[in-house]
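Going in written order, the chains are labelled A, B and C, and every chain counts its residues from 1.
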Amino acid sequence: MAGSGAGAIWVHGELAPGGSLAKISAEVATLARTIGEAAGRDVVGVVVGADPAVAAAELATYVPRVLTVTEPATAEHAAGTIVGQRVAALIEREQPAYLLTGAGPEGRDLAGVVSALADWGVLVNAVGVTWDDRPVVSMSIFGGRLTTTSRFTGDHGIVTVRPNAVTAAPAAAPGTVEATTVDGELALPLVPIVERLEAAGVAAPIEEARIIVAGGRGVGGPDGFKIVNELAEALGGAVGATRAAVDSGWIPYAQQIGQTGKIVKPALYLALGISGAIQHKVGMQTAGTIVAVNRDPDAPIAEFADVVVIGDLFEVAPALLAALRARAG
Amino acid sequence: MRIVVLVKPVPDTASGGERLRPDDWRLDRQAIPTVVNANDEYALEAALKLTEAHGGEVVLVSMAGAGAPDTMRKALAMGAASGALVTDDALAGSDIVSTARVLAGALRDMEYDLVLAGADTSDGGAGVVPAGIATLLGLPYLSYAAKIEPNPDAGTVRVNRITPTGYEVLEASMPALIVATQALGEPRYPSLKGIMAARSKTLETKGLADIGAGDAPVGGAVATTAVLGSEAPPPRAATRVIREPADEAARQVVEFLAERRII
Amino acid sequence: MASSTPPPASSESHPAPTYRLTEDQLALRDAVRVLAADRIAPRAAEIDRTAEFPWDVKELLASHDILSLPYPEQYGGLGGDLLTVCLAVEEISRVCATSGLILAVQELASLPLLLAGTDEQKDRWFPDLAAGRKLIAFALTEAEAGSDVAAARTRARRDGDGDGADWILDGSKRFISQGSVADLLAVFAVTADDDDTPRHERLTCFIVDKDMPGFGVERIEHKMGIRGSPTAELSFRGVRVPDANRVGGVGEGFPLTMRTLDRSRPGIAAQAVGIAQGALDVAAAYARERTQFGKPIAEFQMIAAMLADMDAQTEAARQLLYKAATEIDAGAPDASRWSAMCKLVAGDTAMRVTTDAVQVLGGYGYINEFPVERMMRDAKITQLYEGTQQIQRLVIARALTARR
């Protein structure tokens, strides 16, 4: 096959800090491969970056073919607009039909830029994608009270996919990586990165965590998050929080789950001192298993958790920690 | 400084009563009360703090239905100086492409140093429109801001953009478009004087013909996406309630997690 | 009784004002409601437990211009009418009666100045009061002069001759809400006690600054309810007060207290309606969620009937309050009657509804895990202060018989 196949399904390979492939991209690639098989269409990965090789090689374990564009400008500038312009130019040249990307910050930036440059529609926050002549996209809305299915009215479009929509699975045989170039100036303004700041305590991205231990108002203060952290560590999970805990300054915004924070879908969500108000519920209710510890038996979370322990979290959580450690030996 | 904040009236999620219209699967905006999108309030708060520190004023821009002014008054009550609402029957059911074009069109004739937008909306949840607007207008785009530091004399702005490992400090010349996050600080409650003052502030309503949205058609009729249907997800299994002393409760939880092979 | 008499005489002497909350009033009410629910409700239990004046809530009310409601715009106020002030008191009291009282007392104690103060006095004090930089308390009641206001013993005598001479205050006041946290006090003192002077011409009103030498807070009462609102016993030992601090004419204090109370009692009625609504909110939510014998207790007819009565009574009290405030704002000649009626009905309603709310919650209602026991304790004061319920009946009955 000469080109990358008009009508192909493309997957954006997002770079994680350090240059490896972001976990979300492995999931999106797996999803794209599944619908590509159903549609009988080519599936192609595309990675744009100052040094795309490592991520591209990883992406090639999920899809048969990966295109890379080496773009030095992304090393020292905000990447979203640059990657978006290069992907849009590639789309114009190669004429794929659909682009799938993660629904995180990088994927959203990309989708916005490409949508504007290519005039492509966007279906957002997919929790599942199937194929019926075109992609059929499932989205969870109204805090999980409804699942909608949507499609594009035309023959192309962008889909942003939520973390944990599928489990990443490599293809039977690894694909190929091809470097390509995109001519043309970057027309949109470059935004230089003047400094990089490491933030202490920023753990693995919370959207990607398999287990999340989260604290709410009931945790009572920054000191209360000590036990939340310890439990997360014992379970090998990440720490989450409600808006109340974040607005009170007990924990960074990056850890916030809910309407104005992250939407997560871990295998286990352990909620400590969280009442489960709708604004929080929308961020976590699709978790595989929800366990809550709360003093108030009438808290909303008691209605949708799988297990709720009625009690003082400062008694139950240490007991839980002890039980987990005992089990681990 | 003159800062435009993009605001969207959205159904109040706290009401828990949002629904889709059964005929066209569009959001039923009549069904429940609307509020200012929560993430937009963070953007507005950030803008107000910036104008308090550097002088200037905050202007709201919204694309929404004809009922939007009531909700926009709430944002005016927080301290914005005036607002412009783009509303047009043809815009009902607009997709992301149209929304970005219309808002870019509304901004095209305005003067500003910064445009601030919320990270996403609680109804659409897309989080892609701001990047689209910046692209259409050729503005520097600085997303996921945890800190905004303008230097009006130099005509530049610095933003701490949240990344998985910390922050990238970005610098751009103004005007620029910034996506605000909650990390910028909790929105204020309007004061009573703010509410009274908001009632006499200018809220200009514009139709599609009044803005330069470009030659391409926009609105519900040319939407690139369509909802096919909706269903309630399968209900979760009944909650198991444990009312035992801490040690016994912990033992039961660990056993349950082991049964589900989570640990 | 007047069962066969036509409706009140007020409708004959002036056109009966109608009320319907204006858009401004609705917007202000909603804003106060959100602020109260988000920022004051979480503090209510602690305020009750610690019995400490909630300075943070006072700052919140000040920074959101809520304390400015009663004052004219020229002094930085919002120029709110009585009905608007009542709406705010109601919404705050719905979550915390102590906090609602902060606004109610600020208004009450400013009324003598609003009604009888000179422009110079208003210029001097209103900007600080409207901004919430200063609090003011109303010092009328004495240990031996409760309902019998004119029996006051606190004296003010001229120091020297002439109209402009200073006054020297001596005596004490008791049960003064916020008396220990206020910066200013509207004090009523006897300026003539000779037998020739009629009882209702003996009192004069003065503004006392807490920093004036001789003023002291003797003690703070331990109370059943509104525990965060300090109720103080105050002493005045030779306090020198400039004549410029005299509010109204010499000997005109008694009618001033009556006019003040006519306008302030609706504030207490608003507090009562708020307390009742707050208790109803909790009881209704609890009844929907609490399951016994396999169904929510709200579905049991005995509980449903209680909730229905609570709702109907609260709404009736509220509508009488709004009507009364509207009449008083319109200058009704029978303001005393409206004022007394709304406080009588609202106070009794608050007591009944909060008591029933405790009943709906059963054992949970009696413990401090839920707020209804606090609300029940808070409700009681609304039957006592700014005139006991018995005094309200007296006022109403007098108005009734005076019409003949």
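FYI, contacts are C-beta pairs under 8 Å (C-beta built on N, C-alpha and C of every residue); 3 or more make two chains touch, one makes a residue touch a chain.
Treat the numbers as computed from the prediction; the structure is a model and nothing was measured.
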Quiz prompt | Chain-chain pair with the highest tally of contacting C-beta pairs | solution = A-B
Quiz item: What is the chain whose Cα centroid lies farthest from the Cα centroid of subunit A?
Solution: C
Quiz prompt | Whole-Å gap separating subunit A and subunit B, where each centre is the average of the chain's CA atoms | solution = 20
Quiz item: Measuring from the mean C-alpha position of subunit A to the mean C-alpha position of subunit C, what distance in angstrom results?
Solution: 55
Self-check item: Chain centre separation (subunit B, subunit C; CA means) in Å
Solution: 42
Quiz item: Okay, in this complex, where on subunit C does subunit B touch?
Solution: 23-24, 27-28, 31-32, 34-35, 38-39, 63-66, 68-69, 78
Quiz item: Residues of subunit A touching subunit B in their complex?
Solution: 16-17, 78, 80-81, 84, 103, 105, 108-113, 115-117, 119-125, 136, 140-154, 157, 160, 187-189, 191-199, 202, 205, 211, 235, 243, 246-247, 252-254, 256, 259-261, 267-268, 277-279, 282, 288-291, 297, 302-312, 315-316, 318-320, 322-324, 327
Quiz item: Along subunit B, where are the residues that touch subunit A in the complex?
Solution: 13-14, 16, 18-20, 25, 38-39, 42, 95-97, 100, 119-120, 122, 124-136, 138-144, 146, 158, 160-173, 176, 181-183, 186, 216, 223-233, 236-237, 239-244, 246-247, 249-251, 253-254, 256-258, 260, 262-263
Quiz item: Where on subunit B does subunit C make contact in their complex?
Solution: 73, 77, 189-196, 199
